[in-house]
Amino acid sequence: MKKTFVRRLKDLSLESPILVEGLPGVGHVGKLVAEHLIEELKAEKIIEIYSPHFPPQVLVQSDGTVRQVRNEIYAYKGADGEPDLLILVGDYQSATNEGHYELTGIFLDIAEEFGVRRIYTLGGYGTGQFVEPQVIGATNRSELVEEMKSLGVVFHENEPGGGIIGVSGLLVGLGGLRGIDAVCLMGTTSGYLVDPKSAHAVLKVLCKAIGIEVRTQALEERAAEMERIVSKLQEMERAQVPYESGGEEDLRYIG
Amino acid sequence: MKKTFVRRLKDLSLESPILVEGLPGVGHVGKLVAEHLIEELKAEKIIEIYSPHFPPQVLVQSDGTVRQVRNEIYAYKGADGEPDLLILVGDYQSATNEGHYELTGIFLDIAEEFGVRRIYTLGGYGTGQFVEPQVIGATNRSELVEEMKSLGVVFHENEPGGGIIGVSGLLVGLGGLRGIDAVCLMGTTSGYLVDPKSAHAVLKVLCKAIGIEVRTQALEERAAEMERIVSKLQEMERAQVPYESGGEEDLRYIG
Amino acid sequence: MKKTFVRRLKDLSLESPILVEGLPGVGHVGKLVAEHLIEELKAEKIIEIYSPHFPPQVLVQSDGTVRQVRNEIYAYKGADGEPDLLILVGDYQSATNEGHYELTGIFLDIAEEFGVRRIYTLGGYGTGQFVEPQVIGATNRSELVEEMKSLGVVFHENEPGGGIIGVSGLLVGLGGLRGIDAVCLMGTTSGYLVDPKSAHAVLKVLCKAIGIEVRTQALEERAAEMERIVSKLQEMERAQVPYESGGEEDLRYIG
Amino acid sequence: MKKTFVRRLKDLSLESPILVEGLPGVGHVGKLVAEHLIEELKAEKIIEIYSPHFPPQVLVQSDGTVRQVRNEIYAYKGADGEPDLLILVGDYQSATNEGHYELTGIFLDIAEEFGVRRIYTLGGYGTGQFVEPQVIGATNRSELVEEMKSLGVVFHENEPGGGIIGVSGLLVGLGGLRGIDAVCLMGTTSGYLVDPKSAHAVLKVLCKAIGIEVRTQALEERAAEMERIVSKLQEMERAQVPYESGGEEDLRYIG
């Protein structure tokens, strides 16, 4: 296996679907949202992508069998005016720079093949602070900025300052070069922990944007649980460094 | 030499052989077992594999000549109801991620060419503790889990937690994608030292699994010798850090 | 996208143009000069270059839209006896060694296609000292050394001692192998800060060399501002380490 | 330039030449010997090799011009019963593992094209000690071991223990796979400094081995000068650490 290999599991025809990407990244925000969608919508896996750009690894599952690390695309046929969806998730992003470009190219080929009309890439934006999550946006066409603002998405000038790295950025950037509308939605998050609360915020915006409703209970429960952990951490922090602490929300040294 | 190069030394026909892989890894457990098998069975080298993914290196042999680092495949024609075997050993695994995928692909091509009916990959599973070795398993089909359990192989839920990295993992994962049954047998080992005792445990399970008997004396002697070294190390450890030591078996700081 | 992709925006015919390269590097000297030229000459973008050798990243612009990181070539049709110009700028240089070679090859292909008669590559030469900038030169033909000396360019024997790394070096070296005259102009700079003053020095030499006049006010203003920052830093330095400081111009520890 | 590029400067016919390799490495021993040979024999450059596996760099020469980093092959037509020679030198070895394999393959292609009858690769073997240099050998055929021993070359069992890394190793290893006799001659050296004394020792053995005589004065003078530097370093060492020094020859901490 010298090349990335796209394994088709099922032939399916979708109507101008929307592609939602949620690969692992900061706070696993995108991954949490995309996996939640797959579960709630009972989306069906139609494609697996194996690549020498992923770590050379298998994961051991609960029944003692293994599976090769991969990315996966799920399909959802919308009911009652809902749009059709393709949802891209996976164990890893590419381990190499070049791999990010190659895999994004493959994802865009698949998007074009299905006639995808818009891409939403989901991620976290690490701020180093434990605060209420906002949803920050970036798009590849200025009209989309206005549309997203009307849904409560925040646009800070030139932010994120470091740009957007990985597939979430490249799908928007390289997608634009192919004339595909794309929006990146980033939930602000501390960057230290898996963040279901930030994921919940992103999910709400995404659902409004694409016109789909899903239950959010599972994500809210995980968020509540994580809240308790964070409170505990902050208490410990206060106890340990009563004078030096730069602020109660600042946990920069836990990471 | 820009590409991996497979050098055929001998043309041989085998009957649905079993492929046993024992390349270098944690505690050199797999390598010890595979080399022991080759020696005891007097298996014959039939293939050498050279690759730009190996370190750019030659090894100096005892007679002053060198040999290019490589992987090797040995063949054994089973006698009296024994199965035929292919045994994969070598100096190194790939030095790059991509190389692991490419080489595993080449190994699987060879396996298919010989009509391999099952693959056993052998390795060590580092626990940080000097304890009696167990043999942990992982397979690419759930029926194989049951079969292995009946031979005393242990399956812990989702363990190894970090997955299985390198050729031992990929042969099982990518082998599964090609429809080849594969089992990974991992001897638990401290991870600090070459571990013939763990290799001995793996060898016993493997021989039962494939229906072959070999003498194990050489391995047992090396294991006994290593036991003495470990006892010595543990004594030194006790002498040095009488109060701080987290436990007598814990030699985490020797590495 | 597995390969570098050259996107032509406009078809234009130029007369034996001069290619000026100013990609990011030490003190961003070359980039400052090239971008200043583009602005003052109102040069027109004709080519964008996207490559998997660039970081896998998009940049977020002030209006909330993103753009894929890239290199760009601008064209300027000279008026009144001025030469035609191609100006190469960009967000990044290649992130890999091999990429530097590949991209330089592509730039030289474009240079040959336009019949480029000479290349000027611009950069900074870090000295660790805050002093008046000099312009150091290197060429791929000895006649060019004399020509540059007559314009005030300084040539120190075998300097820079470490050679010239990246596209600024390769365009001169590989350009020479294709028979294209090329000169590298390096403004000395501390190496710690973006250096518009050094850029101003390089710009003056470049304009004389290619026979073009541009206003330099914008660059001078930025240089004056940077002067103030450097003075401030030096004051702080003096205040902090009154005895140990190796010299007033030495700010090696700020970087 | 995506690929290694072999630039032929002169067409020449040689009679079963011997290939001598002296690329940069430990103590620059091989490089010193090969460059000395080129100078003394007035060998003529016939081939330049440029590669994206070398650092992306040009070197600045004393006259202000640059040259692209490269490897070079010189030819010498032997007089009076001397053998013809090809001498391989260069600024760098490959910066990547894969590049070492690719370049060695290209060198061997050239060797086969010229009908090379034997390869001598030259290098240093770092011992961490300042002692009289020995010449250690390794070959790709056991008959060559005997031949080399008769010339005073030393063979220690399984030494160097870490094998031989880089082109000096691969030419012997991969050369053997192509049926070309090859010998690696390594001068022992501290590993801390360029070592003309070790180079002198290797040169003497090489000249005997290939049946060529060259003046060695230049190398001896450099060796004498380096002796003085080493003595000075050892004196300083003694002065600084009168009690702790592990031995007078041991300068492990100077590096």
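As written, the chains take the letters A, B, C and D, and residue 1 is the first residue of each chain.
Everything below uses one rule, namely that contacts are C-beta pairs under 8 Å (C-beta built on N, C-alpha and C of every residue); 3 or more make two chains touch, one makes a residue touch a chain.
Just so you know, these numbers come straight off a predicted model, no measurement behind them.
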Quiz prompt | Touching chain A and also chain C, the following chains | solution = none
Exercise. Over half of interface residue numbers shared between chain C and chain D means same, under half means different, so which is it?
Key: different
Self-check item: Euclidean distance of C-alpha centroids - chain C vs chain D, Å
Solution: 38
Quiz item: Approximately how many whole Å separate the CA-defined centres of chain A and chain D?
Solution: 53
Quiz item: Quick one: which chain pairs are touching?
Solution: A-B, A-C, B-D, C-D
Quiz item: Which bits of chain B are touching chain A when the two form their complex?
Solution: 94, 97-98, 100-102, 104-105, 137-142, 144-145, 155, 157-161, 163-167, 169-170, 172-174, 176-177, 184
Quiz prompt | Sites on chain C touched by chain A in the complex | solution = 1-2, 7, 50, 52-69, 95-96
